[in-house]
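Labels for the chains are A, B, C and D, by order of writing; each one numbers its residues from 1.
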Amino acid sequence: MTIGFLGLGTMGAPMAINLIKAGFSLQVWNRSRGPVDTVAKAGAQACDTPADAARGADVLIAMLADDDTSRVVLNDGGALAALARGAIVVNMATVSLDFAREMQAKCDALGLRYVAAPVLGRVNVAEAGKLNILAAGAPDTLAQVQPLFDVLGQRTWRFGDVPEQANVVKLASNFMIASAIETMSEAAALTQGHGVPGADFLDMITTAVFAVPAYTGYGGAIAKQVFEPAGFKLSLGAKDVRLALLAGEAANVPMPFGTVLRDNHLDSLAHGEGHLDWAALSKVAARRAGQDDTTD
Amino acid sequence: MTIGFLGLGTMGAPMAINLIKAGFSLQVWNRSRGPVDTVAKAGAQACDTPADAARGADVLIAMLADDDTSRVVLNDGGALAALARGAIVVNMATVSLDFAREMQAKCDALGLRYVAAPVLGRVNVAEAGKLNILAAGAPDTLAQVQPLFDVLGQRTWRFGDVPEQANVVKLASNFMIASAIETMSEAAALTQGHGVPGADFLDMITTAVFAVPAYTGYGGAIAKQVFEPAGFKLSLGAKDVRLALLAGEAANVPMPFGTVLRDNHLDSLAHGEGHLDWAALSKVAARRAGQDDTTD
Amino acid sequence: MTIGFLGLGTMGAPMAINLIKAGFSLQVWNRSRGPVDTVAKAGAQACDTPADAARGADVLIAMLADDDTSRVVLNDGGALAALARGAIVVNMATVSLDFAREMQAKCDALGLRYVAAPVLGRVNVAEAGKLNILAAGAPDTLAQVQPLFDVLGQRTWRFGDVPEQANVVKLASNFMIASAIETMSEAAALTQGHGVPGADFLDMITTAVFAVPAYTGYGGAIAKQVFEPAGFKLSLGAKDVRLALLAGEAANVPMPFGTVLRDNHLDSLAHGEGHLDWAALSKVAARRAGQDDTTD
Amino acid sequence: MTIGFLGLGTMGAPMAINLIKAGFSLQVWNRSRGPVDTVAKAGAQACDTPADAARGADVLIAMLADDDTSRVVLNDGGALAALARGAIVVNMATVSLDFAREMQAKCDALGLRYVAAPVLGRVNVAEAGKLNILAAGAPDTLAQVQPLFDVLGQRTWRFGDVPEQANVVKLASNFMIASAIETMSEAAALTQGHGVPGADFLDMITTAVFAVPAYTGYGGAIAKQVFEPAGFKLSLGAKDVRLALLAGEAANVPMPFGTVLRDNHLDSLAHGEGHLDWAALSKVAARRAGQDDTTD
């Protein structure tokens, strides 16, 4: 099975390498050349264009930044057009539902099979091949790519026959992570307002009640007030919240936590904090409570 | 050391029994007689009035329902007045900051020492002596009752010299649990709106990302749509959210998640759902999205 | 008919003077002596204590600052106790529903008749005797004091037999005024974010669509960024929003605009802006959008 | 001066007729034929296609439903392409900022001049030629079409040199109207919750404080619970709120009232109420407070 792989960012590169290690034959492309060389050293065939990476592939995996980048690479870059009829496109990026539908329509028109398989997990999890894979699409197509998922992840979760269903699950998941950051931010501002350092509160609550990485990671960053380097940029979080709200809008689902998150991300962006780690969302709650000069 | 113990509810009773097992001498009182007899069988001295339980005690532990009950029992019931000067009052209930200040003032006037030590953990945790104890008050007073905390909990967290500081930490903690319920509710409504059963989403997210009891417990109840019997009543959750907001108000801390929670709890109460488990808060998100007739 | 009148602030003084001009006999008291002398010159009998003003009065009108002041003056100050059985107490202040019930209970116990009659209108409206009077209480009692209302206001609106019903109407009204300020604040921030000065937008919208004093007054202040001297202090607005939310809580009425207002008022207070005019609430929207350094 | 006029809906038709009455020569087109015939009887030249209406016109006025319709008619329908270089396009519809930019770019490419001039006012105001016209674009271009605006409106407000600036003003205005509806809805639910019929409260507040059509119109509909026929459909209001939020997003302007409005409109749409008058937004507040069975 030949695999085209587009997008060798911090997530894509280790995923590609894991597939190579598992014996798959990879044709890889990335916008910047550095990661291509790195992955080529691990055994992949380096390609100069998205179309080159796609040509002859049975499966094309895309792990690109967002809707726009995905569209540019897959469509405008000729990757889809270069695939043979019947080939499978596995989009593992976090994209909008509209984009998922757009891609599926293009694939339908080209005789390709499209599935969505966004993932949960950060870089270290990707490196360990322990991602959680959120998959949706035609069952038989998913069955064919399951061996790849087994290499990349610890578990594959299936969410329906329509690819965008996996995307809504991914957006709902990121919405929940944003909520975790916001609730820590408000709670820490609350205790701080009564003289209990937010850091002390967060240390306790992420140990005693919420001892999982989503809380300990972001909570630790808030406690230490360390927002650089960004593990996941606030501006990307803002994008995902926006996509979650759009998905809610499409199905008439009010999301009051989501809209609070929207406003607070905009507040962050308006204060030039989009480049910081997502945990910097906490600066909004502190600022609004007049605690922004306080450091503990 | 003689301990007066007021309030033998689902939490208080196992806590009292653990103290007895550890060799402490207990004088216990409860509004209804049943629990008193049970704990007396374990070795406590049964008392007819709060004052009887307090008289002669070195330490008076109160584990009562709320502000009003605590006031009625401790003050009006004569418990505080029955204590000898220098005795220590340990209030382990979830009460408002105003009430904490009120109690401290009364204790000051009577020559008593007041500390706050609300706890995190449900009944099974209390039974196992594995509570997390959130303590605040004069350090030397806390040091004197630490042996009791060591029996009741796996860890004691100190949050300052002013008792109400422990109370604000407890309210911030419960606020975060309410947030966890709400975020699951909205996320499940979102996926459900796109044909992915909320239960499927919640199963995944509480396994892959939020695998801690606060999420798995309430998330499981939402997934199964089982809200009775109530582990923790929604109406009590509504009270704690209200107290958290009051605490925020006192320190000028905006809490937009908190105010969403306020409104959604009121929505629940307006629909007669206060007696259900806190997880029933999810019915609001589903109802607003027109999904209340949907069961998956 | 002899009228006791308590509270000669910016509203109370012109109201008292209008009653004197209409031929009523007034016994007046105020915490500070200045206004008492002024009103005495207009023909009232100056009193040294609330009780003195109440003694012998057929009707006692109270126009005091808030719950606490009203309680101190009416109850602790002996005013209610000094009235003869059957006398009528007309509370025209903006107070909480809880306080209205408390006063009614005290009046019941003393054989007094209690009605609520808060007003809509600023100082110039009070001076002109053109207030809108929001009245609730026993119909026959209201009928007896209607001649007084006819002097003070252009119109009396009746809202029920229970005094607190007038108070909830007053709180709902002030909530709507706060909403008007907030919506102008957000709309102005929106246009400003696209290069249209908020002042230009507000000038248009308060002329073309919302040409009433609640909009033109606060909108003009926002447009000019002039928040001192305060016509109505932001901190008082914060109090009224709080009372409106409490009233909502008591009846299980979610108020999402109300909770946004709550948070934004806290944000203002946290930034030391409580002494400014209510229109300064607009600083929150501007600040959050990163526009606080912008002046047009 | 020859005017092409596209879109003869409830607003467009009376506007076109006023221009004819003022002596202008009109070439009109509408998707359905009925209105074309009506306006032709008043003196306009009926056209079969948008391009026909545009051909030879000095000024092309568009008063179409929304972004999509405007794009279909102006661009795909060939209207812009049919204009001579130097002709002026006056878009008077409520469209998104993105669409305004898109149209301006197309006009630039075709050598046309584009201005935006959305209006405030309902049908009766349009008939009377008393609209408020919100204009933005190149000053000399606006000066050339001012004689048309003088016919259509009582006043033209200029908001900048960039057409989209008029659109953001229109969206901000509609946002404020939505806020007026929501604040009445919540306030009425609040008084209703305490036994004061919402209708009684609304009658008072729209007389005593907010005596302008935006309040009296929607407030009257809420008071009477009459939501059909729709003067302005809730689904259109939902669209405008969405566009206002998008505009806010583009400039990093948090709009917490806007996001409450978003959620409540989605709640309405989820309950199948999009076809009702915008005043039906009030059903959300009533429903959430458990008052939906109450009619007063």
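Here are a few things to note about the model shown:
Note that in this section contacts are C-beta pairs under 8 Å (C-beta built on N, C-alpha and C of every residue); 3 or more make two chains touch, one makes a residue touch a chain.
If you're wondering where the values come from, they're calculated on a predicted model, not measured in any experiment.
Common partners of chain C and chain D, by the touch rule above, are A, B. Using mean Cα coordinates as chain centres, the one most removed from chain D is B. A separation of 39 Å divides the Cα centre of chain B from that of chain C. Separation between the centroids of chain A and chain B, computed from CA atoms only, is 37 Å. Averaging Cα coordinates per chain places chain A and chain C 52 Å apart. Within chain D, contacts with two or more other chains are made by residues 248, 252-256, 260, 263-264, 266-267, 270, 288-290. Taken in their complex, chain B has these residues touching chain D: 256, 263, 266-267, 270-272, 288-290.
If you check the complex, the residues on chain B that touch chain C are 242, 245, 248-249, 252-256, 259-260, 262-264, 266-267, 269-270. Listed in rising order, the residues of chain A touching chain B in the complex are 97, 120, 132, 134, 155, 157, 159-160, 162, 164-165, 168-169, 171-173, 175-177, 179-180, 182-184, 186-196, 200-201, 204-205, 208-212, 214, 244, 247-248, 250-258, 260, 263-264, 285, 288-290.
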